[in-house]
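In this document, chain identifiers A, B, C, D, E and F correspond to the written order of the chains, with residue numbering beginning at 1 in each.
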Amino acid sequence: MFEPNPPVDLSSGKYLKLWQGPQHPGITGNMSLELTTCGDEVVDCKTHVGYLHRGFEKLMERRTFIQNFPIVCRIAVPEPTFNEYLYAAVVEELAGIQSPERAEWIRTLNLELMRLASYLMWLGGIGAAFGQSTVYQWTVTHRDYILDLFEEMTGARVYHMYIVPGGVRGRLPEGFEGRCHEVLNRVEKLLRDVEKVLFNNVVFKARTKGLGHIPREMVDPYGITGPNQRAAGFARDLRKDAPYLVYDQLEFDLITATESDTYARAWVRYQEMHQGIRMLRQCLDRMPKDGPFQARMPNVLHWQVPAGETYAKAECTRGEYGYYLVTDGSEYVRRVHVRGPSYTHAIALMEKLAVGTNIADIAGLMVSLHTYPPEIER
Amino acid sequence: MSLKDLISPFYVWQRAFEKPYTQKRPIEDRPGAPRYRGFHMNSEDCIGCGTCETICQNHAIDMVPVEGLEQRSGDSGLRPRFDYGRCCWCALCVDICTTRSLRMSNHYAWITEDPDAFHFTAGTDAMPWNQNSLGYRRDDDYHLLVHERIDMQALGAEESVAGFDEVMKGYTEEQAVLEADRCVECGICVATCPAHMAIPDYIRAVRQRDYEAGLRLLYETNPFSSTCGRICTHRCETVCVMGYQGDPIAIRWLKRAIVDRVPAERYREILGDEVVENGRKVGVIGAGPGGMSAAYYLRRQGYAVTVYESQARAGGMLRYGVPSYRLPDDQLDKDLEYIRSLGVEVKFNTHIGRDVPFRQLIEDYDALFLAVGLNQPSALRIQGEEHPRVLSGLQVLDDVASGRDPGVGSKVAVIGGGNVAMDAARVSRRLGADVTVLYRRRIEDMPADPEEIHESQAEGCKLVQQAIPVEIKNAASTSQVTIVWGEAEMIADDKGGRPRPVLQEDRMHEETYDCIIAAIGQGGQLDFIPAEYRDRIEFKWNKFVPGEYQQTGLPKLFVGGDIANSRADAISAIEDGHHAARGIHRFLTGTLDG
Amino acid sequence: MANPIELLQRFGKNFAISEIHEQKADLTFFKVPKEQAVRLLRELRDDAGYTHLAFLTNIDWIEKGIFTLTYMLHNYDARHSLGMHVDLERDNAEMQSIHGLWAQAATYQRELREMYGIRFPGSPRLDEDFCLEGWDQIPPMRKEFDTAAFSLERFYSREGRGTEDPREHMKGLLYPTHTDEPSSGGQ
Amino acid sequence: MDTQKYALGPLLNEGLSAEDRDLFSDARPVPYEPYPVAVVEKFVNWVRANSLWLLAFGTGCGAVELNPLMTARFDAYRMGVQMRPTPRQSSVFIIGGYASVKTLKRIIRSYEQMQGPKFVVCLGICPINGGMYWDSYNTVNKFDEYLPVDLYITGCMPRPEVLMAGVLELKKKIMEGRADGANRYVENFDWYKANQKRVIKDWNMPDYNW
Amino acid sequence: MQDWPVRIGYFLINLTIVGLYGMLLSGIVARTLAKVQGRIGIPVYQPFIDLLKNLGKRTAVSHGAMFYLGPVFRLAGGIGTLAFVPVLYGSEMFSNFNSAGDLLLAMYFMFFGQLGMAIGAGESGHPFSAIGVARGLGQMTAYEVPFALAIIAIVVQYGSLSINDIVAAQQGGILNWTLFTNPLAVIAAMIAFLGMTGYSPFDVTMAPNEIPIGPPTEYHSSYLAMMTMNRAVFAGAKLILFMDLFFGGATNLVELVIKTWAIYMVAVVVGAAFPRFRVDQSIRFFLRYPTLIGIAAIGYTQAVLLP
Amino acid sequence: MHTVDEILDFAIEREQQAADFYSNLAERANSAWMKEMLLGFSKEEMRHKGKLKSVKLGDRLLNADQHVQDLKIADYLVDVEPAEDISLQDALIVAMKREKAAYRLYSDMARAIDDPELKTMFLGLAQEEAKHKLYFEVQYDDQIMRDN
């Protein structure tokens, strides 16, 4: 399946070697693209990562199970909650703990709020990548309103550290539902504006339609998941296919598109934001208002999880996010592997799609795949 | 290209006529949310257990001594110091805080140019956020620790009064592991334990089901593990950090959990039995916990140890003062037999001063350890005390332990509130009597173990508090005795001691019993020490005042046990013995001057 | 789509499949010898519908002297995942590359090469730096590499820190003489 | 810091091929001399303080809070702050948290490309004392060993409000003429270089041209 | 003809006023765009502070002589353009060096600046500069086509290459403005103007996301300050040129401010609404509709206005 | 006794007697620590004596109004005979009883006298003795009735 890009003779003088990043605003985070261009056309692309490598998987092997809980959220900076949930899920599964129903609802609320916030940031990113920074200003501001909700609920804006193995860390604050509804209404209004300004925009369409087309047959060999996959016409979503938390009790539509280009991917994500708001409203209205939110836990200071291995996955904004946990019965994890969708999207896929693209579109293409470098290198 | 796509983007300009999103004064107007995890705060409830340090995955917390902190039991005198070059505001330290003293403020701004400045000791250093009322607190329904003690299986009250079977059945392995799992291993208890046992370590051994290691740990400081695992006064549990929000760890029972799982036959294999004789000999007076403990540690270091005991069996107060439903004989023997198996010689039925002169001992041995205990019951010294139906608590217990019938009758009054009184009461219950305990103070003032008080009540002993016996009547009868007691009022002590009872003469009661068991206290008997030695020894009231390493003014003489300390419990006696053994070893190897 | 156990049994005729463990309804682990692994992966992908390679990773069992590679496959239609284990010798570990089956596997193989030192001959850009640059130690994810010690040695820690153990502190304060002897109990 | 301890070694372009060598500035940096007239210097400092151009290099988690800072909610443009995508034009380098060794090399390169007077602001705990990644094999613990830092803002992550407060603090420092990190770099150049070389083992820069 | 020293003195005054006005305008525009984005935005005087800051910054970078000359050429282009554009109609002081063929000179200088920039930026050796320059020149060539066509149309219409004459021809009422006499030419020129100002959708030359900062990537401190000054002067000159050519010129400063601001706002209004075109897209765009309109304008002029 | 000085002399004399009593008993006691303790009691009495002396010299005043707690332990204990083998318990009982008797004596005298100055002096002395008694009662409470 792997087809290497055609070799280029750099000494011919026809080509220009160009580095985008790590210090480059057109790059989604701290990574870099080594581009070889011929005129305005990119003929080769190599992704370089590792600028944010902290060795999480190694660090987690020398922390106890509870000590890992604050660190996992740092793996994907703009979207920490999925890490928290998945880490909790794998540990609970191997430890034989069932988190209470109320916690499951709160977790779902958390994940969907996070998804909305992350998509808002992405929406601004795709606007900014193509020169519409007004949308970026608007959406990042609205993301901030969601961060306010997180701050109120969890005690922190960015790294919430709220979903803890066994449940969640606290009940929802007084009056949270009302404020959450209010923010959702604001975001919904903003989304309508964004549709007018960005999606019904002749220049945006001119730039994005046909850009970075992913053929259907490329999807599986390249491990493409999430909205990128759905934009290529696959109706696959872990929330529907393997419902976790309370997704089987929520009503939402699976969004797909067929064009599989940057515009389609943006449109799928845009539509999913509406579905997210719909789910959030259901969560707020239907979640249990009392009851326990934490399962009975052992003393976490020397918590030993029985030996075993498992893989838990969730549908994050970018696709299949998974935690693979191997334990050996000690107080430490034997091995944890974090499967982030950015890993395949930003390296194998990006290197493939970049070839033949205009150099000015590289940033937009990169954003349209929605990748987070810290999650690639961990 | 549709016209709509050309026109629609101009919609952005609508925003220009609306209010900006911008926060006018973000620095002033946006405090952290009520639950915000900002900088740490610590209240004076902190005891410096260091659990926050243990859980911190970033090693952001140092436990540092704090100047001017009042030294109190159960407080390490350390306080957490936070390094904001490390802290990630996960608040696990707040969640785990055993006393709930650690909290977070909603303050979040700290900007300096000095990277070395980001340290502070929460609660003691003056920081701008110390008075913040908002910030992260642990939710009441959210726990990272287990606060409920694992119950131990016990005989029901009816079963237990029916005989002298051991009441507490001991933990099963699973229960012990679960209970041991609750421990946070802070080590605060070690200082409070008179013997300074390696409590967190042996609890960890229980958790890891490594009983051999556990036993070795126990014997490092206490050769009466089987005994202490049952009847220790467990001062450690009173300071256990888990007690602040729930039940303290059942430290005593976990100790028992180790010894229960190691059969006596394996002791020598696990703990070793080889002794390298060093050619010196040490005498020990009294085969109680203090004496035998000293004998054990001295023997381990190669001394030839001879123990003199006035009774027929070893164990002292443990055997004659503690009934077998609390401490079965075989368990005491398990401890004692191992000590004797190392080559400790015990001479029974030997009274010092009567059978062997003290002078001879002090001349024959290189050093002498004396732990004769308190075996003289204090008299009531009230009118009519010489009535034949007035018995001493110690005597009753001794009788029962020796298999004699103390003849308490069917209606008994016990005077006193200590363990001896409780034991006497519960023994009487087992002998079929109806028991009333008269105590001068309130139940909460009783020196007896709370468990014993609770169990004796469960077994049907009536506890009458604030009752001062005044007179004993009915001298004519030989089978019945009448006691007159007056109600007491508790009066606060000016000097800050515990409240003292004062007799109210107008509220007197009179009641007739088959016997009255007096158990108000014991004193010691030291007449066997010749006067020329006595003068060189320091006393206070009726007790020795030992110096460093339990040494007395008579350099060869080391003392310990109830006769030399104010706590008068087994574990203190054991530590005295152990400490004296250290002292004797130092004395005989020349590192302790006489 | 057959039940995964049946499926594995069917494949078991041609492959030495062992240690089948059903972790949950949609996840089954099994082990296969190194030589048969890539062939089996190809058949699982082409014949059994396991078209999605979720990840490829490695577990270091230092005490057994082996590396265990885990290939996580997913069948979208059956909604079932298979975790395939392959044991490698820890010293001189080498495995056949599967970048011909899944394009993104090349990245995983690069990472494993860098983090564990496993070689995958033929995998593109295998020996290029992936996350690290100028790394001069043993591959960092191997269990024998002590990251904390390395970090302290190379990056230092800020001075001015120092902690006391409550237990030792209280001992020093309250009963310094009580434990200064060599342990006299036990062995 | 003890500058005597560190002998002057070859500059950081050692090990480069001759044609790559000129991508690096061999020249030792020169200190910034204040204008001879105090009033002029004071005025220029005021100007500098009110025109802070940040280098748009999100080196760590901190980048995530720079988004709100530079957008409508907080709008740091009000304070004369703006992002510049090229180090040549920037005057403030925000180290957004932990620096991995690989990034540190780029940070140093970017920093040396910046024209003085320049200032370094460290966000979060990681540059102070390693933070969450104190035991990681790939992140440095004390950032001030490698580059001079003018201001630290603690937090994980610091909120945009603290960043704004930090900007105000930096302004104050610049106006008082105390933000002299760049000069410290010049004075202790050998010390910094020795430290940098101790952790960065691969000095070969792929042909970066920014 | 007055003596040269006085004219030069007058020109320097013009230069200063236009330069300051240009800077102020960029501050005002930034604030206006900020309003669209829902924020408060920079203080209007911020560009001045930035300029002073850049002047006060140190430099330790050398990329050869042409690198230094780039900003000088650039500034010369701006000043040169202004030099041949009469600022106020009928005012001696604000007439600059107008002469018979000053329109051609002004247009030449508009190119000259870009080319100078191209040489300087190319010298910096930074590929982003090179790419930015290539884009800038490509795009400039493209928008110059409709612009040139529009100029040709009005030159034909007014029969003069002197800006002063063209302004003079538009006096006497709003309906005499080229805007109303030759709307096709104005539309073509205004679309070209969008390209000239460098706002969206034609800002790919300097786009931070596509290519960081474009040609001036390597420029900093006083070089950058010079370029900023040039932008101000050049923007002012262009606006005045457009005002003179298409909107009837101005006879006093108030009129000048209102008209130039209004012209500038056209670019801003469009700029805020659209993302940016890729350079090939913008070239294709300019060579399509605006060029057609420009040709139509010539045709219209020839066919309708001249007979 | 008609003057304050006479009363004080009487009281000082009584303290001296008490001190003599204890030292006498101590000499006879056959256990070292009892000896020591009784000597301690004797010293305590001598200190009381010193205090009264300083009152006589006018250096300090006796406070007649203070309230001294009465634990009433001495009230219901039997009298014991001081003997050579006196125990700690008995020694304390002896001491308590002696102090109680002294208190009684001064109280009775105060009641019998009319002169307010002398009355105050007797009451003051009575309070002093009550304090001494309380001291011994507390010791008895703490050392003997330990309930261990």
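We adopt the following convention: a residue touches a chain if its C-beta (ideal position, glycine included) is under 8 Å from a C-beta of that chain, and two chains touch if they have at least 3 such contacts.
Note that the structure is predicted; figures quoted are calculated from it, not measured.
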Separation of subunit E from subunit C in steps, with touching chains one step apart
2
Please report the smallest number of touch steps linking subunit B to subunit F.
1
Tell me which chains count as touching both subunit B and subunit C.
A, D
Any idea whether C-D or B-E has more C-beta pairs in contact?
C-D
Measuring between Cα centroids, what's the chain most distant from subunit E?
F
Taking each chain's C-alpha mean as its centre, the one farthest from subunit C:
F
Quick one: report the Å distance separating subunit A from subunit E, using the average Cα coordinate of each chain.
44
Computed distance of Cα centres, subunit B from subunit A, in Å:
54
Taking each chain's mean CA coordinate, subunit C and subunit F are separated, in whole Å, by 85
CA centroid of subunit A to CA centroid of subunit C, Å
24
Touching at least 2 other chains, the residues of subunit A are 17-18, 24-25, 50, 53, 55, 58-59, 62, 70-71, 134, 137-138, 141, 159, 197-198, 201-203, 206
Hunt down the residues of subunit B that sit against at least two other chains at once, touch-wise.
9, 11-12, 15, 20-22, 32, 57, 83, 85, 88-89, 115
Residue ranges of subunit C touching at least 2 other chains are 131-133, 140, 145, 147-148, 158
Every pair of chains that touch: which are they?
A-B, A-C, A-D, A-E, B-C, B-D, B-E, B-F, C-D, D-E
In the complex, the residues of subunit B that touch subunit A are 1-2, 4-6, 8-9, 11-12, 14-15, 21, 32-37, 51, 54-55, 57, 88-92, 95-96, 104, 136, 139, 141-146, 181-185, 204, 207
In their shared complex, at which residues does subunit A touch subunit B?
63-64, 66-71, 134, 138, 141, 148, 151-156, 159, 161, 167, 169-171, 173, 193, 196-198, 200-203, 205-206, 292-294, 297-302
Per the touch rule above, subunit D residues touching subunit C in the complex are 101-102, 105, 128-130, 134-142, 145, 198-203
Tell me, which parts of subunit D touch subunit B in their complex?
72-75, 78, 122, 125, 127-132, 134, 142-144, 149-156, 158-162, 164-166, 168-169, 173, 178
Parts of subunit A lying in touch with subunit E, wherever the complex brings them together
16-18, 24-26, 40, 127-134, 137-138, 141, 197-198, 201-204, 206-207, 358-364
